[in-house]
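Chains: A, B, C and D, in written order; residue numbering restarts at 1 for each.
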Amino acid sequence: MQVGVIPADARQHSVAAAFEARGDEVVYLTLSDPLPEIVLFPMPVSEDGVTVFANGDKLTDWFVRLQGRTVYGGRVSEAVQTLAAQYGVTFWDHFKQEEEIIRNIIPTVEGALQLAMEQTPFTLHGSAVLVCGYGRIGKLLSRHLAALGAVVTVSARKGADLAWCQTLGYGTVFTADLQACVGKQRIIFNTVPTLLFDRTVLDKIPSEALIIDLASAPGGVDFAYAASSGKRALQALGLPAKVAPRTAGEIICRTIMEREENTRG
Amino acid sequence: MQVGVIPADARQHSVAAAFEARGDEVVYLTLSDPLPEIVLFPMPVSEDGVTVFANGDKLTDWFVRLQGRTVYGGRVSEAVQTLAAQYGVTFWDHFKQEEEIIRNIIPTVEGALQLAMEQTPFTLHGSAVLVCGYGRIGKLLSRHLAALGAVVTVSARKGADLAWCQTLGYGTVFTADLQACVGKQRIIFNTVPTLLFDRTVLDKIPSEALIIDLASAPGGVDFAYAASSGKRALQALGLPAKVAPRTAGEIICRTIMEREENTRG
Amino acid sequence: MQVGVIPADARQHSVAAAFEARGDEVVYLTLSDPLPEIVLFPMPVSEDGVTVFANGDKLTDWFVRLQGRTVYGGRVSEAVQTLAAQYGVTFWDHFKQEEEIIRNIIPTVEGALQLAMEQTPFTLHGSAVLVCGYGRIGKLLSRHLAALGAVVTVSARKGADLAWCQTLGYGTVFTADLQACVGKQRIIFNTVPTLLFDRTVLDKIPSEALIIDLASAPGGVDFAYAASSGKRALQALGLPAKVAPRTAGEIICRTIMEREENTRG
Amino acid sequence: MQVGVIPADARQHSVAAAFEARGDEVVYLTLSDPLPEIVLFPMPVSEDGVTVFANGDKLTDWFVRLQGRTVYGGRVSEAVQTLAAQYGVTFWDHFKQEEEIIRNIIPTVEGALQLAMEQTPFTLHGSAVLVCGYGRIGKLLSRHLAALGAVVTVSARKGADLAWCQTLGYGTVFTADLQACVGKQRIIFNTVPTLLFDRTVLDKIPSEALIIDLASAPGGVDFAYAASSGKRALQALGLPAKVAPRTAGEIICRTIMEREENTRG
C-alpha cells in the first residue's frame, strides 16, 4: 500500500515510521506529487484554519487536488471540516475513533506511572495511592498500580463502581468523602474533569504528597491555590505523544489500517 | 527508642527520616554527644579506612567511645571491621542481611522500569523484552513487565528455570542461544554478572534496542564495543538510592528495627 | 442489632449465619413473636403469591403485623409487592440492588471456574478458552482465567470492547465471526442471553469441547440440538447459592446492613 | 515419529493421545509387534518387579527384545532398573526429570484450587487462606490464590522467604509461630512433608476450617487426631492424574519429546 504523508512535526514522522515498519511504501507529499491511495494530514490538521499545521501549505491548495476523496487527519476542527466539504473533501478523524481513544489509554497510563516514579523519592510498591474516577483511565491505572504493589484506593460517585472495585481488592471511597481520605495518600491521580481538588480538599493533602492530574484541560485541580499553598500538583496532558511517540504513531497507523481494511472488505 | 545517626550524606538523612516517621527520637550525633542505644554509621562506613564517610570524624575517636558495643553500618569493609574489633566494637552490617537484599529488589526493579520508560519512545506494553537471568531480580522484573503488558522472554542456563518460566507464560531461551533471540527484542535487561553481551551478541542487537545492565559491576556488557558500534547500553547501578532514596532509607530502618526486636526479644 | 429471620430454606439460614458472625442477635421469627427492627423474608418471598416460600405462613398474616414498615426480601414478585402495599408494607428487594448484583459476580465466576475444572480432563492453564460477552461477568471471568494461565479469547459486538480486551492481552473476535473461532477452543463460556450457539455455530464446535452457559434462562445455547449432536453444553444457573452458599449469605447480609447504615445515617 | 506404547491404564492412554495430537503415529505394542523408535512403558513400569504394570506381560520378555536400547517409563523402581540392566536395557525415567516435576506443579495447584472450591461453602475470593511452605508448589499456589482474590498468608522457616513474600504482598508467619495464626484461616494448604499439624496446632484450628495436605505421603498432618477431634483434613495426592489426566499425559509426552530432540540434535 502506498501512503502519502503530508510532512509536519515529529508526531507525523512517527506515524510514517509505523507505516514503514508494516512494509508500506511511505512518501512525504508535496503539492506537486502524484496522489497515492492514502493521504494523511497531520494532527491537528490546521491551527489557523488556513494552512496545514507545522507545514504552511495552503489547505485549499490541497483540497483542490483531493476533490471527491476521503483523507485522514487528527483533531480536525469544525471549520476545517466545513472548508474541506466545500471542495468535496471528507476528513476521517482517526483521533475521534473509539478504538484509538482506547488504545491511547495505554501510553497515558504508562506515562502517568513514569511521571509518578520520576517525581517521588519512594517506590510505587507499598505506597498508598488514590485514583479519582473509575472510567477507562482509572480502570487501567488502578490495575497497573496494584500489579506493581501499590496500595490502591479508588474514588467514584457511583456505589456500583465502588462495589466492583472492592471485588478487585481496592480500597474505596465516595467522591463526596474525598476529604476524609486524601490525607493518607502518597500519590493522587485524578482522572475526573471537574474541580474535585478545590481549596478545601487541597488543604487536607500533606505537602509531601504528589497530585497528578490526567483529566483533560482545565483539569480537576485548583493549580493556582495548590502552588500558593505548597502542594505539588502536576498537569499531565498529551502523555502518549510525550512519553511514547513511537507507540502513539503505531496506534494512529493501526486505526487507519483497520478502517482501510473494513472499507476494502 | 532513641536513635543516634552519625551525619553523612543524603542517604543517611533518609534513614533518619524513616526512624522519625516511625516515632523514634533521632539525634544527629557528634563526638561530644551522649550515646543513645542505637548508633548508626553511614553507608559505606568509611572510604579511606581512617575517617567516617562524608563526615571526616576519625573512626578511632568514635571507636574509643563505643567500646564493647554493637553498632550499625552498611558496606563495612574488612579493614574497618578489623580496626573496630581492636577497640572492642562490633559492626552489624545491615546491607549484608538477606532481608535487606531482598527488599532492595523492589526499588531496583521499579528503577529499571522507570529507566526503560524514560529511555524509549514506545510503551513497555506490547513491547518484546528480554530478561537475562532468573535470580531474584529477574523473577520480580519479569513479573512486573508481564503485568504491564510487555511480551516477556526470559533467558537462563538451567532447563528447570525455563520450565518454570513457561509455567508463568513467558517465552524462554537458553543463555547459550541468546544470539538467536536478541534481534527481536526492543529492550534487554541483563541481571547476570558475566560477560553475556560480548561482540558477537552485540552485533545481533538492532541499534534501536535498549540494553539495561542491572548486574553488579563490571556488569555483563562490553560497554566499550557497544558504544563504538552504535548500540544503546546503560549500566544501572545503585538504583534504590537513586530512584527511591526514601524507600531505601525505610528499608535500612526496617532491617535495623527487626534486629533490635529480635535481640530484645 | 436484632435481626428477625422468617425461616425458610438453607439460603435463609446462610444469611442468618452471616448476621450472627457479625455479632448481631438473630431470631427465627414465628407469627407470635415480637417484631425486631429488621425483618427478613426469604428469597423468593413467595412462589404462589399467597404463602411464604418454604414456610407456609400466610403472607397476609405477616402483612397485618408489619403494617407501615419496610421489610427485606429477595426476588419480590410484582404480585407480592402489590399485596404488601395494600397492607401498608414495603419490600426492599436486596436482590435488585446493583451492589448485590455486582458482589454476586464473584461466586458466579468462581463457580464457573470450578465447573470448568471439574468437567474437563485438562487444566485451565494453557487451554484455549473463549468468553462470549464482555459485561461484568465476562470481565471478571476473563481476568481470572488469564490469571490462571488460560489462553483467553473474548467475543463481543462492539469494537470498543474488543480494543479494550486487546489492551488487556486477550485474543478478540467479533460476535458475528464466532463461527470462525469456536473450533479451536477447549472451553467456551457464554454470558450473553441471546441464542448465539445455534445449530450453525454448534456444528463448528468439536465434541471434546465444553460449553458452560452462564446467561440467565433460557440462555444462549440450543441445548436440545447440542445434546442430539453430541456436544457438551452445561446450563449453569444460580451458581452463588450452589457453590458458595455461605458467601451468598454474607453478600445479602452486607447489602441489607449498608442500607440500614445509610437509612440511620 | 512412530511411538510404541505398551498398553496399561488410563494414564498410559492419555500419553498416547498426546502423541497422536502432535501428529505422531501411535501403536499399542504387543510382544509380537515390530519395535518402533520410541518405546514407552507405563507408570509405574512394574509393581511386582516381574510383570508390566496393569498389563501382565513378563518384563524379561520385553527386555530380551529391547536389548541395547534406551526405553521410556515413569517411576522405575531400582529393582526394575537393575533387572533391565542385566539385559542391556536402560530406562529413562521421565517422572524424575526436573522439567516434568515443574510442569506437574500446574495441575497439582489447579487441583488444589478445585478441591478447595468443592469442599467449602464460601469463595476463595475474600477468604483468609494459609499456604505452609514456600517451595515450588507454595509459590504457584499462593500466586493463584492471590489472583483469585484470597487473602494469602505464607508460612516458611527462612526469613528470606518471608521477606520475599512480603514483597509480593502476602501476609507472613514463621513456621515456628504457626499456632498463633491458624485460628483465623478458612483454608490451610500444607506443602511441607514434616508433621507441622500435630495435636497442638490442630487444637487451634476451628472446625469449619479446611486443611488440604499436598505434601507427599505421609504428609504433614496428624490425620487420625484431626478426624477424632472433628477437624476437616484432606490428603490430596497424585492430583495431576486425578483432576487433569489429559494434561498429565501431555506433560509426559512433552518431556519425552524434548529428550528425543536433544538426543537427535
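Keep this in mind: contacts are C-beta pairs under 8 Å (C-beta built on N, C-alpha and C of every residue); 3 or more make two chains touch, one makes a residue touch a chain.
Everything quoted here is computed from the prediction, not taken from an experiment.
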Shared chain contacts [chain A and chain D, defined touch]: B, C
Most distant chain from chain A by Cα centroid: D
Geometric centre distance via CA averages, chain B-chain A, whole Å: 35
Approximate Å spacing (C-alpha centroids) for the pair chain B, chain C: 49
Residues of chain D touching at least two other chains: 106, 125, 149, 167
Parts of chain C lying in touch with chain D, wherever the complex brings them together: 14, 106-107, 110, 113-114, 117-118, 120-126, 144, 147-149, 243-247, 250
Interface residues, chain D side, partner chain B - complex: 98-99, 102-103, 105-106, 136, 140, 159-160, 163-164, 166-167
